[in-house]
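Structures for review follow.
Across the two complexes that follow, subunit A remains constant while its partner is subunit B and subsequently subunit C.
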Partner chain A sequence: MKLTLQQRQILWAYVFLSVALVFFVIIRWYPALLSFNIAFRDWNTFKGTGTWVGLENYAAIWHDFLKPRSDVRAAFTNTLSYVVYGVPAQMVLALAIALLLDRIRAFSTFFRVAYFAPYVTSAVAVAFVWNWLYLPQDGLLAQIFDLLHIPEQPFTKSPKQALPSITAVAVWQTLGYSVIIYLAGIKQIPFLYYEAARIDGSSGWHLFRNITLPLLNPVIVYLTVLSTISFLRLFALVQNMSPQGTGGPLKSTTTVVLEVYRKGFSSYDMGYAAALTVILFFVILLITVVQLRFLTRRFEY
Partner chain B sequence: MEPNLDTTAPPVLQSNRTTASPAFDLRVQGIQGLVYILLTAGALVMVTPFLWMLITSFKPAPELVEFAWWPKSPTLANYQRVLATSNFVRWYFNSVLVALFSTTCVVLFDSLVGYTLCKFEFPGKTLIFVGILATLMVPTEMLIIPWFDMSVRFHWNEGIAQYWGIAFPGVITAAGVFLMRQFFNGVPNELLDAARIDGMSEFGIWVRIGVPLTKSAMAALAIFNFIGNWNAYLWPLIIASQREYYTLPVGLSFFRGESTTEWEKIMTASSLASIPLLCVFMVFQRNIIAGVALTGLKG
Partner chain C sequence: MKLQRFALYFGCLFVVLMGLAACAPPAEPAASAPMAEEEPEIIEIEYWQYNFEARVLAMNQLIEQFEAENPNIKVIHNSDVPYAEYRDKIAASVPAGVGPDVATLFYGWQTVWLDAEYLVPLPEDAFPASMIDAEFSPLVQASFVDGTLYTLPTAVRTLALFYNKDLMANAGLDPESPPSTLEDLATQAAACTVRAENGDYEVQGFVVDLAAQDHHWFREVLVRQFGGNPYAEGGQAVNWNSEEGQQAWNYLLSFKTELETGDRDLFDGSTGAFLAERACFHIDGSFRLGTIANNAPDLNFGVAELPSHNGVQSTFGSYWTHGITQKGASDPARMDAAVKFLQFITSDEAGTLWVEMVGELPARLNAGSNPELLENPNLGAFAAGLAYAQATFFVNESDQRQALIDAYDMVVLEGEDPAVALEVAADTVQEILDAHYGQ
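Presenting the complex of A and B:
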């Protein structure tokens, strides 16, 4: 059988795509759809089936959420707190560092490496190092506070300070990534814009406010969404920085993903855990859609 | 020094990039000093935890309660103890194996799929491309329950199959496919057609023309995937059921419960788990940081 050139191209395209098609259908699409299904069932992983219970899992989550001191309520409110504290801190700090790095030439590689190093480190190791730094009495921070005559702080040992302490570590770990992206964005702004504005008599804050900030808008939106999603998915740090890995003390640090892990893989209540992940999915989807709306809004100069 | 690649500005202005206009010069010296002070303070916050981790790992236990930057009698005993009482060597092997396997698959498949979606015309192309991109919307957390189900069914959470169990979700990545497709846009079609006329096979064209021209993108993709797989935690934690099959982060996490007061042991284990990748990062730092900027701005 003789094939035309066009038919040969189609044939080769499908040969090249075959493995990937199987992968995306079986490992990505099917499990995603199955998750929605499991969330409607009282699922038994070891049998691979479950009775259909309709919205019961969602109702149970809602019911738990309304209870004042439940795990799920804590998980959702804490996750929101992580985002509310973490994202602005990360955005502002990273932008400040990127602006500073943009002004220097000597040692710029050293600084970039220093700021980026935590990003390539395992979150478990990061959690342990900070547990040790935060430790009351013998920890490095307690010792430094002692030298400076600042009263000792309980950090992760107190329900009040634990969440901000972990947020700080999360910001510390992922800051470098945002710095590098900001820096790349800043370098793309044509220098001529600044020259022209200077000739017109603008300087300092005005240049930043009227040129840098608006032209960085797409980068800021992109990074905000990325970091919001990463704070919504916080797990490894919290698990390894709270006592027994349960999001304590007194549930003050637990997150949605940690509850998914505990409900799904400690209690094997898969339907409930799947319903939690479906809720997480819709939250992330919403944020991504909002991002696309913002990104398509162009600034004209 | 790096050449300034800001090509939109004329050369004269480029050389003035950081010193600004003459009206600014008087203030610039003072500002530069302040910039360096602030950056150094920040860098100290970033680096000190790592140094403290390393220093602690060389201290004998009694020295931990003293506030000393340098151990009085530095020792390797902590390392001997951690290596002797845990499966660290095996976890290194597991992490390297899984990360190398996933990265090799990712680089090959993402390149091939990106190439096909960029350079071929065939029915269903848009559907397939959108279908692959759409999977980016689904967070891993939503897939772990079905993946676990699937793994239990096929016994991927038992014995040697755990390697496959840990690795299978990451052998092709949608983000990598998208990245490679973007880069293949820069490869001229005429080059591929010329090879076709010369009678080269379609597979040969990808291997001998497509791949060499997109090497830098593949390198960036490889490095990120290696780091990502090396540090992957949630899924390996769920799927690896036996100590012998833990990856480094999973094995390390079990030091949490074991010995909450033996900080020298925990810091030694943390050093063992994080130092190799930090060394890899130091060696490739230029490529990694350039890659972040490149892929981040493209995405």
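Presenting the complex of A and C:
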């Protein structure tokens, strides 16, 4: 068998790709599949084994969900709140910033870097810095409020303000990524369309409403799906910004993933934790499919 | 050409093999790595504790001494894990087949660790029960489960009242007569508090911080001092929500809701506030002496026994204890080394070194009754507490603590009625106890 140079190159490409595949199979897919199995077992994290109990873990989650002051219910409703507050805020803010960045010429690289920097910063470091900013009495925000004679706010120390405060940090941290993707999308729109519309007498808002927004649709769908998933999986910020990392005060900031972690590694009930993970998996799958179905629009020009 | 084809086949084979390996059932933790076979003369055992500077330094010295006495044993000391993640890391290490052979744990975690069959019984010939009864502090009895000993500590601790002499003097209080009753504590804490015009705390009199030691103070000290008993039915029924418990609860809450002597959200909690000279009074364990010596050596402070009430003296006694894990017991040579190590770190000599470096009292009565120790003005208050110390039997220490933190938050952050909040906490803890004893 004699292979051409091109065939050989393709073969080598597959060899190299298979390394990444092996990595994914072992590090991501196999443990993910295993968790479906563990979810059917009474699995103690310490023992690392468990007996088959069928749907008992799911029944226990349902039982806990219905309890008054339930951790699990708080986790699901909070997670939903993070998505409902966080995703629209992030989409709108990022688009506004991207449009502004698209306009400027001077220092544009500097501004892009400034907006992108938080995205490549570790969530733990971000949480640490914001904990200091939010600190009652001695924090920077408290001192600014004092100067302006505005009453100091408890931020993460209050059950009412904690979730919005953490959402704000999450939006701030991931904003840069959305801005960059939006910018790429905006650059793709042919300038010709705007010129033609201007000749026809369209003004700024109409240009945005009828050209920019529709043509950005693929980008908007992509970013909505991605940022929804990232908010559904929120963990590190909450673990590092709530008292003792418990999703408090009074469970007001806990998320599904944080409860998975706490059940699996603090209560050592890995079966329960795995069942929660499976539920989260299907929630994410469902939301993603629905978003892709209803947000995707086709525009012909 | 042959080379490319070889590489291709090799690549395919690699993928298939890795796939097969991934499909294999989860193996039992490969605990006894063939370390001992390769180098039969040196046995390595791994020891874990959480990161607390004074303890790490003390244990480093003990390990050095132990290795000098036992040249064929090498102890790997892992103390990198912060307190908040310590149990999580241990739990994660088990399925991975790594982790400690000897581990230090809070005595309140023992139940959970035994439920998971993580610890093995300590061999009776090396640690006879009669020797424990005769030579160790009575607090250590909590390490026996149905007559079997599972863990043994180097040191035990009690709670006492730390007071900042400079801040007391600034407030016109006599730094040599710290509060001796609960009424005194409330009055002096209120007198010592200094607030700015905008309400900011400059000096806090006394900070209630249930995430620190105050949940113990409530259960084992305040409830008893108000005439109650924290638990009934041999520890199986919550009783700190009784009428006496409610009174104790109201006393505890009054520091925040009425007297306004401090806020646990400031200065990184009550301990941080005391170290930073921002709190006059602080309830903590003797281990804090080590922290102060290392981090705030210039602090002008004293330590007194916990304030009494209705003539009742009480304090909370507890200990960090050492156990041998399944991994340590999986190989006779390692088990043997682990037992020797455990004997060494629970000896009189270890207890003496420990109290000097960490500030915790020796668990062995012999080392603990050293007159020099009792004369030390700071340690004296803790040592005196040993006579009347009470230990809570915990099923799940962190969840039982969280229930009280949540009850406090309900009152302070949400304006819930104190009695209702305490009931909710009692129900939560009772459920934890029932789940354990119902097994």
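Basically, the second predicted complex is superposed on the first by the 258 of 301 C-alpha atoms of A that agree within 3 Å, B and C clash if a C-alpha of one lies under 4 Å from a C-alpha of the other, contacts with A are read in each partner's own complex, and residues count from 1 in each chain.
Basically, a contact is a pair of C-beta atoms (placed from the backbone, for glycine too) under 8 Å apart; a residue touches a chain by one contact, two chains touch by 3 or more.
Small disclaimer: the values here were computed from a predicted structure and weren't measured.
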Touching partner for A:Thr246 - first (subunit B), second (subunit C), both, neither
second
Subunit A residues touched by each partner, larger count belonging to subunit B or subunit C:
B
So, does A:Phe235 touch the first partner subunit B, the second partner subunit C, both, or neither?
first
In the overlaid three-chain picture, which partner chain does A:Tyr115 touch, first (subunit B) or second (subunit C), both, or neither?
first
Partner chain(s) touched by A:Leu21 [first = subunit B, second = subunit C, both, neither]
both
Subunit B versus subunit C as contact partner of A:Ser266, first or second or both or neither:
second
With the two structures laid over each other on chain A, which partner does A:Thr45 touch: subunit B (first), subunit C (second), both, or neither?
both
Examine A:Ser158 and indicate which partner it touches, taking first as subunit B and second as subunit C; both and neither are also allowed.
second
Please work out whether A:Leu216 is in contact with subunit B alone, subunit C alone, both, or neither, and reply first, second, both or neither.
neither
What is the contact status of A:Pro136 with respect to subunit B (first) and subunit C (second): first, second, both, or neither?
second
Once the two structures are fitted together, what part of subunit A is touched by subunit B and by subunit C alike?
8, 12, 14, 21, 30, 34, 45-46, 48, 138, 244-245, 261, 264-265
Residue numbers on subunit B that touch subunit A, as the complex places them:
1, 5-6, 8-9, 13-14, 17-18, 20-21, 23-24, 31-32, 35-36, 38-39, 42-43, 45-50, 52-53, 56, 64-65, 67, 109, 112-113, 115-117, 120-123, 125, 128, 131-132, 135, 137-139, 141-150, 152-153, 168-169, 171-172, 174, 177, 202, 206, 227, 230-231, 233-234, 238, 248-249, 252-253, 255-257, 263, 266-267, 269-270, 273-274, 277-278, 280-282, 285-286, 288-289, 292-294, 296-297, 299
Subunit A - residues contacting subunit C, complex:
2-3, 8, 11-12, 14-15, 18, 21-22, 25-26, 30, 34, 44-49, 69, 136-138, 146, 154, 157-159, 243-246, 248-251, 261, 264-268
Which stretch or stretches of subunit A touch subunit B in the complex?
6, 8-10, 12-14, 16-17, 19-21, 23-24, 27-32, 34-35, 38, 43, 45-46, 48, 97, 100-101, 103-105, 107, 109-118, 120-126, 128-133, 135, 138, 140, 143, 172, 175-177, 180-181, 183-185, 187-188, 190-192, 195, 198, 203, 219, 222, 229, 233, 235-236, 239-240, 244-245, 257, 260-261, 264-265, 270, 273-274, 277-278, 280-281, 284-285, 288
Hey, which residues of subunit C end up touching subunit A in the complex?
1, 4, 7-8, 11-12, 14-15, 18-19, 21-23, 26, 28-29, 84, 87-88, 91-92, 94-95, 112-113, 115-118, 198, 200-201, 211, 263, 265-267, 396, 398-399, 402, 405-406, 409-410, 413-414, 424
